[in-house]
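Working notes, beginning with the structure itself.
Lettered A, B, C, D and E in written order, each chain numbered from 1.
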Amino acid sequence: MSAIMETEMHAASMGSSTATSLVSARDLTMRFGGLTALDQLNLHIVEGEVLGLLGPNGSGKTTFFNVLTGLYKASSGSIIYQGREVIGQTPQEIYRSGVARTFQRSRLSLPLTVFDNIVIGDYQHMQHGLFFNLFRRKAFRAEYDAYVAKVEALLHIFSPPLVARMFEPVETFSMIDRRRIEVCRALLSEPRLLLLDEPSAGMTHDETEALMDDILQVRNKLSNLTVVLIEHEMNVIKRITDRCIVFNYGKKIAEGTYAEITADPNVQTAYLGEDE
Amino acid sequence: MSDIKLNKKSAALVLTLATLGITVYMWLFLHAESQLAVGVLIIVALGLTLLGKKLGTVQRIEEAAASRPGLARAWSLLAALALVAAFYDSHFVLLMIGGVLLYATACMGLTVQFGFSGVSNFAGAAFFGIGSYTTAVLATHTGLPTLVTIAISGIVAAVIGSILIWPVLRTRGHYAALVTIAFGILFKTFLEVNDVLGGPQGLQVPGMTLFGHAFNDNFTLFGVEFSFYVNYVLLSLLLFVCVFVLVKALERSWVGLSMDVVRTDETAASTFGLHIVRWKVIAFTLGNLFAGVAGSIYGMMVGFVAPNNFTFADSLLLLSITILGGLGNVIGLIPAAIIVLMLPEKLQFIQEYRVLLYAALVIAILLFRPDGLLPRKTRLFFSRRAAQ
Amino acid sequence: KDVVKIAFVGPLTGGTSSIGLGGRNSADLAVRLRNADPKAKYTYELVSQDDECRPNVGVQVATKIAADKNIIAGVTHFCSAVAMGTVAVYNRFGLPVVVWGAVLPEITYGNNFKEVHRVNGTMINQSEVAAKFMADQGYKKFAIIHDTTDYGKGHNKYFSEFLKKNGATVLGTFGVTADQQDFSTELTKIRELKPDVVYFGGLTPLGVRIRTQMEKLGIKAQFEGTSGIKSDAYIQGVGEKLAEGSLAFLEGAPWEKIPGGLFFTAQYQKQKYSEPPEAYGTFSYAAANLIMDAVEKVGPDRKKVRDVLNNTKNVDTLIGKVTFDDHRQNIVPLVTKYVVEDGKWAIWEDSSYASGKRKLAGK
Amino acid sequence: MSNLSVKGLTTGYDKVNVLHDVSIEVAPGKITCILGANGAGKSTLIRSILGLTPPRQGEILWNGRNLAGEKTHAIIASGISCIPEGRKVFPRMSVAENLALGAFLVTNSAVVRERLARVYEIFPRLKERAAQLAGTMSGGEQAMVSIGRGLMAEPQLLVIDEPSLGLSPLYVKENFNVIRRINALGITVLLVEQNARQTLAISHYGYVLSQGRVMAEGTAEELASNDDVRAAYFG
Amino acid sequence: MIQTERAMSVIGQYVFNGLMLGMIYAMVAVGFTLFFGVLDVIKFSHGDTLMVGAFAGLTASTGVLMLDIGSPWIRLLAVVLAAVCVTGLLGAAIAKWLVLPLHKAPPLNTLLATLMLGTVMREAVRLFYPDGSNSQPFPSLLPTDAIEFGGFALRADNVILLLSGLAIIAGVHFLITRTRLGMAIRAVAQDGETARLMGINFEAVVLLTFALGSGMAALAGVMNGLYYNEINFNVGLLLGVIGFAAAILGGLGNIYGAIIGGFLFAGLQVLGSATLPALIPNIPSAYKDVFAFAVVIILMAWKPTGLIAEKSSERV
């Protein structure tokens, strides 16, 4: 109870008085042996925003995602998501409460088709019963057809050529296409919170731009989707984020709009390089 | 439009020719006794595989089967029945066919475990054996109807398997392999040192009766006397078909998809909510159930169970079939089972050299087809033409 | 001449293949000799099959030969577990067989299958003689090691029973697996028990290991084996020096004493088989001859051959007189005692041990 | 001075060709870059030079020697080193071991130590983490390991495939500086990068690949002023 | 007093038996660990390679004896050299013609191939070695002087075997962790393609590793022969399984794990056969395998990645 109130107050004090915070991390610490990857981290994510997460290499951005999705268990501190403590929940439970993500290093099931990889993103809404799957083939067929249509529609937004190759194994696709597929997988279940870990890495300028447009397009369709984006490409950050948080050594060193953080001398020395 | 029709026609033709060819070959192979005949047939098979690889025949047939799945199934079933009919009174051949079908059925269990969900099971023969032993005990000491006995045997195998679930779930890869290897060895040694279940001598298994039909008696139909093994072969065929349909449906459903994702990337699977434990448990249990049921019928068909039938080496035999067929591909199990079970038998004429030659042959096959005889295809839930 | 097929089944591959191959060669020899005999009415053909010492494979090949109407009879099985699995098959298809090596009593006594005969004795006969002999030698305290196959287990059971009847005590019994390599734990314990005799029920490979490891641990007790170790391989395996004085018991008359015996060894050598006949070769040879005699008498007809075999009484063979009882079990009048002397298995009575020139351990 | 020229190279995977008749020259002592959209075949070209995806047609002349058909380790031994696409660190080895492997062919341990010191100077983070298993490093840290490892060999020709992927802006800048410094030492560089502006800023000559063919080539200035190139690769 | 002394000597004997057994298991397990590195697959022919090594050694010993060289040390040298060379070459040949061609196939297929290969080796020795289907005596070439401790005899040959086992394992450990070759082996194991990019001759390293691992197996085979003075074509089967179990139990990819696993397994067996009959009268000591393997299962449930847990290098 009080935790919720506190976070609300926290959010309010940060200036966005009307918005409610979807996630708030308090004193979050993650240690790997002697190494502190997250160090007493405090931050909050506002419902409906596109938040950029920046910071030097190894500053703990990915680790934050991993803790938030339940893959790592934080050493101490707490993360409240939609009023519930995240730490201690399994990745499965967290996913079911509407958190989906992509991985910095692509994690697709290579021998499976594009369709397979994407459709699994909506695992929570599929029927898992053995009886349904094995014996009610007609009903299964109907569910399957609905999913094919859904996946096609999504792919169509991100990369129309992929639609035609929907039933080819992922291992035959280039890195970039795999990234797109990962984003589609994360979006299929219409999550509330979408975590993207360097989705544009390795893309050319054009490709990055297209990807961001597509993400924004989907976001506009899903009214209250919140997006957190880890990205080193400052153009992207500038174009699509509402707000940014900068990490260094597992701590938050700056927070604000793109203009605000790029003007911050701390961020300049630690992250952007002095002469920017 | 007409193109598709034409394609369908040519697919049907390809399938028919392939079925005919394979059936005739199998007929010859099963008949072959002499050194010369077996040798020639083996060389022909090797030659054809090589040629087939070059010309893409295997692929053509597979494509044809994919585009006419119904026809392919009907033909294979018909071919199997034709062979049974052709050998209606050859006890030995029928026994071999029954063995191939039952081992292939057990291997479908391993396919679900290894091939779909990635759960290691190096104790396949132990679960097969649990099925046989349960049947031996139940059929001797209780008056349960045979079908119930078979079902219970499968269930017992699955339940005993679940004792192992805890360590199997906690471990992965080679570590899980060790757990099951340990269980397999333990199981066989236990049967042997312990007299309760007949000790090393094993147990006699009474034949089955189904609806008043005694399976262990030859029967006469239209004035022709059929070998009693026809009973078992038909039953095995029925079981094989059922399990086959089940496994195929499983593969082409969310269940199969979930298992595949669990196998290929557990971390990603967990972030997308997959019940990893659940799928592994289902795969392990289902696999052991299949092995147990197959073992049950096998026990009755052979009429005798002994610990020596279910050694670690036998588990490896089952695994060999599963891998040789092309891990994850259930169709491949039949040719693989034929090679692993029938070939050594056909090589009896070279006596003590046969195991050596057989092992060398399997190595040769693997060098030619490193992914197994019929590697698993990319999953399509429904044939693609229908999907679009 | 018409061709008559008879079958041989035994382990030709795997762990017990040496005895299987010896048996196969001996049966083959019997057939060859018969074919060379101008008086024979038929030409014989031996169909030999490998049962791998595995019951399921055994049932397969048994079905194969039994279902083949051209095969008139069979010389079958060395391994008890396999024989137990196959007797029902022979009965069902009416193929008369003569078991040449499996020693489990139940094979003949456990069922009443008219088709199943056995030339070698059961382990009961052997154990009885062995126990009495040892008691007569004055040994009182025994330690038993046996493998957990039915062969070893059976021997343990009967031998212990007979020992008790003879007033001796068993200090400890150790069941070991048939592929065990290291026996130091069992033997360490045995050393503490200080038995007069270490009795081993099992086959040569294990026997060799146990005898060798006994020496390592400095156990000086007398080593006594069963028919399973009565092979040249045993002496070769442990070496002449260590083998000296080891005892073994084998059903049947010693072939050296039988008129045909020397002929058999001479002919065997002539054929240049690459494996020796081993302990059970003579049984296989005898069984094959019994079958061929029957065929000569009544022609290639399974039923008739079976009946002739059923009624075998006092027939001279390489293993002495063979008489089948009502369960078609050869009532072996003789179990021969062997002792290793100067690197050879010598018949006890002829050895310098019996004459008192040498002494068994602890005497 | 050393010189690499690729002539009429055609190659690909399985049954399809990815590169068609590609010819490029890498001038000695210069930085040559290759630009192109994803899937254009840049990495394939590099794999081909290194013998990982052997050429199906054409020649790769290196100091007059045709590398086509040679084994990768022999190619490396002839003075070429590589920073591969996707970092490819050895996950179960420490950072220090990874770096040491970069100088695998150098047997003089004093030289290795000296180079190691230099790499640590460029990437102090690696020195901090010398004992950490490379597989547990963050994405950008792994990129540093990979770059550092490539530098350890001090080859005649350094082939670099998208080194700055996942690096923070600070290190991207640093990275381009490093490449320039290396080149100043006399090492020839063949560079593949997505960041066209910065790449052309340090390169002497460049090629643009499109669908497996050379679409344009020229000095860095020429390319930078080429409208097509600008449209496709500059923001 | 005497009682306790005797009990002590018995316990001493048990411990010593366990140590010898553990050493042999550990040697096999270390070989396995080496292969896991390069192959990432269970090389099921490892036990049979061991057997082939022992037979090669035996042949050499007979050969030297025929040359009328009686000195046990020269014979021993010949035995070791022959065993290591023959299996080393065999290992390299296997790598070249079986493992490398199957390199791109799924690991389980390599497993099947090596399994069949083991069968080929076993059957080949049985069929083509003179009298190969029977046990062969292995000469004892080590001094057999003994020091008595009460009832417990410490024999020189056993001590020599134990120490050389330790030395061999230490040597391999040094090779893997401290030398350039070792580094190359590990690099190839983790990522063959990138290893090539470092200038490592991939094929040569794989062949060498196989030669090395097979040589290890041969040494274990010779030790086994010298200790038991008997070998047969079947020894590899069970030793292979136990060595595998030991390697996994200890924790893969870790030589210490293999050693611990080897000794632990031996300890379990000795404990099982020494105490089980005392606890449950008339229980066959064959139950020791049931016992040992049951404990293995429990240990695996407790420590899913082995006693020395594999250092996780995976991250997301």
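Keep in mind that, in the parts below, a residue touches a chain if its C-beta (ideal position, glycine included) is under 8 Å from a C-beta of that chain, and two chains touch if they have at least 3 such contacts.
Values in this document were obtained by computation on a predicted structure and should not be read as measured data.
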item: Separation of chain E from chain A in steps, with touching chains one step apart; value: 1
item: More contacts between chains, C-E or A-D; value: C-E
item: Chain whose Cα centroid lies at the greatest distance from that of chain B; value: D
item: Distance between the centres, which are taken as Cα means, of chain C and chain A, whole angstrom; value: 75
item: Chain centre separation in whole Å, for chain C relative to chain B (CA means); value: 38
item: Whole-Å gap separating chain D and chain E, where each centre is the average of the chain's CA atoms; value: 44
item: Junction residues of chain A - those touching two or more other chains; value: 62, 71, 103-105, 107
item: Multi-chain contact sites of chain D, meaning residues that touch two or more partners; value: 136
item: Residues of chain E whose C-beta touches two or more other chains; value: 123, 284, 286-287, 289, 316
item: Which pairs of chains touch, using the document's own definition; value: A-B, A-D, A-E, B-C, B-E, C-E, D-E
item: Chain B to chain E touching residues, read off their complex; value: 114, 164, 166-167, 170-172, 174-175, 177-179, 181-183, 185-186, 189-190, 192-193, 267, 312, 316, 319-320, 323-324, 327, 352-353, 355-356, 359-360, 362-363, 366-367, 370-372
item: Residues on chain E engaged by chain B in the complex (per definition of touch); value: 36, 42, 44, 98, 101-102, 104-106, 108-109, 111-113, 115-117, 119-120, 123-124, 127, 241, 244-245, 248-249, 252, 284, 286-287, 289-290, 293-294, 296-298, 300-301, 304-306, 316
item: Residue ranges of chain D in contact with chain E within the complex; value: 50-52, 71-73, 76-77, 81-82, 84, 88-93, 97, 100-102, 104-105, 107, 133-136, 149, 153
item: Touching residues (chain side chain C, partner chain B) in the complex; value: 12-14, 17, 21, 24, 48-50, 53-56, 59-61, 63-64, 66-68, 80-81, 84-86, 88-89, 93, 104, 106, 148-150, 153, 175, 177
item: Chain A contact footprint on chain D (complex, rising order); value: 37-39, 86, 125, 132, 136-141, 143-144, 162, 165-174, 194, 196, 232-235
